[in-house]
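Chain lettering (A, B, C, D and E) follows the sequence in which the chains are written, and residue indices restart at 1 in each chain.
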Amino acid sequence: MSLELSARVIERDVDVALEVADRETVAVLGPNGAGKSTLLAVAAGLLRPDTGRVVLDGVELTGPDVWVAPHARRIALLAQDPLLFPHLSVLDNVAFGPRSRGVRRRAAHEQARSWLEEVGVADLAVRRPGQLSGGQAQRVAVARALAADPRLLLLDEPMAALDVAVRPALRQSLRRVLADRTVVLVTHDVLDALLLADRVVVVDGGRVVESGPTTEVLTRPRSPFTARIAGLNMVRGVWRDGALDGADGTVVTGLTPDPLPADGDRVVAVFRPSAVSVFRDPPGGSPRNTITTTVTELEPFADQVRVRAGALAADVTTPAAAELDLVPGLRVVFSIKATEVAIYPT
Amino acid sequence: GSDSGGSDGSGGETTTLTVYAAASLTSSFEEIGTEFEAAHDGVRVKFSFGGSADLVTQITEGAPADVFASADTTTMDQLVDADRVADDPVDFATNTLEIATPPDNPAEITRFQDLSRKGLQLVVCAPEVPCGAATRTTADDLGVTLTPVSEEQSVTDVLAKVTSGEADAGVVYATDVTAAGDAVTGITYPESGDVVNTYPIAPVTDSEESTLADDFVDFVLGDTGQGILRAAGFGQP
Amino acid sequence: MRTKQRQVGLPAWIFVPATLGAALVLLPLVGLVSRVEWGSFLELVTSESAMTALSLSLRTSVVATVLCVLLGVPMALVLARTSFRGQGLVRSLVLLPLVLPPVVGGIALLYTFGRRGLLGDELDALGIRIAFSTTAVVLAQTFVSLPFLVVSLEGSLRSAGARYEEVAASLGARPTTVFRRVTLPLVLPGLVSGAVLSFARALGEFGATITFAGSLEGSTRTLPLFIYNLRVVDPDAAVAMSLVLVAVAVLVIALARPGRSTW
Amino acid sequence: MRTKQRQVGLPAWIFVPATLGAALVLLPLVGLVSRVEWGSFLELVTSESAMTALSLSLRTSVVATVLCVLLGVPMALVLARTSFRGQGLVRSLVLLPLVLPPVVGGIALLYTFGRRGLLGDELDALGIRIAFSTTAVVLAQTFVSLPFLVVSLEGSLRSAGARYEEVAASLGARPTTVFRRVTLPLVLPGLVSGAVLSFARALGEFGATITFAGSLEGSTRTLPLFIYNLRVVDPDAAVAMSLVLVAVAVLVIALARPGRSTW
Amino acid sequence: MSLELSARVIERDVDVALEVADRETVAVLGPNGAGKSTLLAVAAGLLRPDTGRVVLDGVELTGPDVWVAPHARRIALLAQDPLLFPHLSVLDNVAFGPRSRGVRRRAAHEQARSWLEEVGVADLAVRRPGQLSGGQAQRVAVARALAADPRLLLLDEPMAALDVAVRPALRQSLRRVLADRTVVLVTHDVLDALLLADRVVVVDGGRVVESGPTTEVLTRPRSPFTARIAGLNMVRGVWRDGALDGADGTVVTGLTPDPLPADGDRVVAVFRPSAVSVFRDPPGGSPRNTITTTVTELEPFADQVRVRAGALAADVTTPAAAELDLVPGLRVVFSIKATEVAIYPT
């Protein structure tokens, strides 16, 4: 099942296009309010765009003069809210999809039970949704969407509200389940994209700003948001005299692409936080990139500290951080070896 | 209309006669009906009581009536005009007005003229209905100006106000006072005979039991019927 | 269970008007009951004509309620879940039997289904005579009760919203399935209270019935009509009989009310 | 707006009973309208006594509706949001005016507020006489209309649930604030449709009014009573007058209906 | 404001106790269905426990014979659902708390506007909640809870549904705002706990399984869930012959506490994933701990790959992972230097 979608929803300032190949999983990333849920609603047929088309496997579902009702699309949507039917038991909620497809009660219950097993809440089968915790409800909703066995599966943040202990397991389940399905997956977690998606589409401000194979997009981001979600630092500027010239006068040198960009081309410089060294004063010595900035935040994790300075981040060891006496508000110098910086046009 | 296979003790055919009659005739006609059934084997009389005007509307619209007994000539004339009467109507009873007060007669009413007293809680029938029209005629004849606190739609409503003690006096038919028993005190006044309400009866066209309908009309006009009506307080036409 | 208790309180002053309102409704009932002569009550209530009227009332009201549900649920759905030109007008018109004096409603029915009515000739050709039959009673009751079901159910449908229906559709449920398995169960409290209102209205219906169906023992004389007749002859008996009507209504409603829903 | 359209369809068959239901309600209205003699209509409708009755009807119905809201909202809240022993019984009893034949309701009111009624002596002592006054009309209308508001609003309150009220309380809102700023706005559609039902019922009220308040032009003869009187003399005029009642009801309801709510 | 809470809710199998000191922020961690939300509901007065007490600043709010209504507690709860009042604008939603406190309309709106600014959605002030995206709604809900200016603030997963770009900024805001408040914060993100909380309480199966100062609990976890959330490996066993004796025969040596545990005491061994080396065959040489296990999942992140094997994890560089040809299902040996392992009793 391949999906071809384009949609303009004027009221929400959303204008996106998306293609998903047969059996492909595409992750949609983007900040809050970017238009991710809107895109899924259009695909599912719950929202009629002002202009646009939805074509599944060559058959037009939404078009200027075409309209296929949601139930006839066989497109299942796991919305951001669990929205479990409050009057049905957990088991009946999950069995709802199969039963709507015409599966007999017994068989549908069987299927539902195995899906509940898959998401790890088989023991809650007889409960009413009102008696579930937030994370439990979320898992049941995931099971319900999967059980519907749709031609196209739309998942809107399936892992939100889940605890850290079940996330890897569920991700593992999803990986197996989604492998031979056509899926659009909205997520805020780069791990989901990395492990589950073949391709990534980044939406921002209602427009697609980036798309491509997952690792390519995430290792060579072209937009600040993508860099952020990929955990990379990004400096934007124009190419001048063999280096990136940032807006505020920062000059960044690095590994450059072949062919070289022309002077005045827009380029980005990307580097890992762990490649950044932090100093209180500009260091001398070997030619390095230095950026003077102000510490905004310190995030300890494992045995390191992530030093955030605006949009940039540096990872230093805990003792080093202590020695530098880092506190938010301190002026510091970030220094990056040119060999750790990738510069490419956007 | 008729229906067959009734649960009559004899097991024979049951013929049903449907009589539409004014509400004020309820008790008397039910009694007459019983007597009529006794006199006619296999006949069952069904009644539909209501305001004369309502009944006329229903019969005009095709209600399955065999006989119609009205509380006044005006409504009967409407039915005649509608061509729904099989035979000329015959007057079978009259009724006169009487004043009804609560049993203890708190306002000490003794004559019709007392009804114009200031502050008296008087209820009468609306001039649109027969008893109201009669009341108005009486008042006009006597030169009395009535200022009722309410002009009711039916005698029953007037009586209800009196029996509940809400009203000090009401003007109703003599038969109603008789029927109400101890609940009210009836006060007759000399001029009551001047304004008389006449009750006509007639068989209805298209009746499937036209002979029986004629029989019933005759029965009402006969001794048994008139006897029962007299006992209820109705006058002779 | 203690943990199930509601913990957000009501303003204290709210109990004052609530009690006043309850008093306004309950005091007259007390007044009524206080005047009943219990001695003759039983005899009267079990008289044959009373029982006939009661059973006719119950049968017709139940049928009318069923008709209201069958016709009213779709109407409420169409009003709540679609939008079309002139919908506002249709909605207002459907309200009309609410304000039409029942007697006039009965006249309107006569003008439509009566021998000389709009459909008179068509019905005559089919050999159907509706007016002054038990069918007419049911029709009159349905006519006056239908708006109650529609209005209260449309309110519930709108409050419930369509989000669950969208979810169900995206899970592949056809509209009929959505209706049966999602919409109906979700608005069940609203449907039950709408049906109760309709049933109550049908049971108490008087004006339209007497006009359109007449008042013949066994076929069209329902309990309210019986009571009306009784009142002419014996007002106290009529009051006693009304209490029977009330008791029956309460009983039926109590039996019809599913476990935990509103009514 | 195109994007706002609802995309989950209704089952196609649902339009069949919906249309049937609409026909059942609308056909009689057509039948009624078809019999009106438009020539004399205007003259009749603008006659002084008609206008007096109409204005009385409107004034009393509005006051009764306001009373229903003031008393009924607290009652519905108490029924929906608290639980106490005997609540089921209270709820059933509050339903009673729905089934009580209106005439009997009027008698009950007489037995309570009348001169010799339950509260007769107390009221007398206060120098208050209710019967035969406009107050009696309002009281009768409120008595019969109140249950409509309570029943439909309690349904809405239960559907809406108490979650938002809990949030509001946890944000520090006192019960009165919760009631005013959260509960009421959330059930506004239910409240409006309940009020519409009550208003309609009050406007059409006949039996209880005639029994309890009587019928005197200017003070107690409301439009339904006027129509009833008219009917005896001139049935066609009565039908025409009913249409005025209906038109007025539709107008008032349309004006009262806030922008986007149910009714 | 200090909080003292104990609650038993039989129906949910929850029996917890919690203390929060004045101006302290306590993070509550735990798997789905552990009882975290239940605990908050009891504190807020929305749920009456079967037995238990809630005492705020010495005043009993919930007790066997005491019951203070929710609104009178001045305890604000940010629930797991945003539950924005649908009939009020975003601004009025946030102004609801101040106005309920008696603040004038104008001033309340002013306050609301500044809180919206704080969570980065000031431009949405005039919208209705129905016109917000999931993450936007969540942020407004956070602003609303903060604006209520309660004596005790209860936050149930305030960061769920937020995109990666705003999380650090919001966390920074929260840090400033929560500093001088008494707060209970439920979260699934260890960073929230690390950056915002003074103390951590771990709940599992309706019981408190661990509690203490944040860094202590997270660096020396005693329960598997805590280890998991802290991103640490944990092996449980009993102390025997100077080493940990696992259930399956694994023996782990490491840095031991002083005094030594007695033989037969329950102990845990904890070590970082980055301290684990992965081999296809058991390595010889220096005395190391080795655990033979099966790869269940590979999670690439930044320039490393996290190799999961059941509950254990190892971080290896991407080239190393490629060289080892790691795939799920492969039998591998995890090797950890004893000096990287901390063993302590539980």
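The criterion applied here is as follows: a residue touches a chain if its C-beta (ideal position, glycine included) is under 8 Å from a C-beta of that chain, and two chains touch if they have at least 3 such contacts.
A quick note: this is a predicted structure, and the numbers were derived from the prediction, not measured.
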item: Distance-maximising chain from chain E - centres being C-alpha averages; value: B
item: Of all other chains, the one whose Cα centre sits farthest from chain A; value: B
item: Pair of chains with maximal C-beta contact number; value: C-D
item: Inter-centroid spacing, chain B versus chain A (mean Cα positions, whole Å); value: 87
item: Centroid spacing, where centroids are CA-atom means, of chain C and chain E in whole angstrom; value: 55
item: Centroid spacing, where centroids are CA-atom means, of chain C and chain D in whole angstrom; value: 15
item: Numbers and ranges of chain D residues touching at least 2 other chains; value: 5, 7-9, 107, 111, 117, 166, 168-169, 174-175, 178, 228, 231, 235
item: For chain B, residues contacting two or more additional chains; value: 57, 160
item: Interface hub residues of chain A, defined as touching at least two other chains; value: 45-46, 69-71
item: Footprint of chain C on chain D - complex, ascending; value: 5-18, 20-22, 24-32, 34-35, 70-75, 77-78, 80-83, 88, 90-105, 107-109, 111-112, 117-119, 139, 142-143, 146-148, 150-152, 154-156, 158-160, 162, 165-166, 168-169, 174-176, 178-179, 187, 189-190, 193-194, 196-197, 200-201, 203-204, 206-207, 224, 227-228, 231, 235, 238-239, 242, 245-246, 249-250, 253-254, 262-263
item: Of all residues in chain D, those that touch chain B in their complex; value: 107, 110-111, 114-117, 131-132, 210-211, 213-217, 220-221, 225, 228-233, 235
item: Residues on chain B engaged by chain C in the complex (per definition of touch); value: 18, 23-24, 26-27, 46-50, 54, 57-58, 61-64, 156, 159-160, 163, 179, 183
item: Residues on chain A engaged by chain C in the complex (per definition of touch); value: 44-46, 69-72, 74-77, 79, 83, 85-88, 96-97, 100-101, 144-145, 148, 150
item: Chain C residues within the chain A interface of the complex; value: 163-164, 166-175, 177-178, 181-182, 185-186, 188
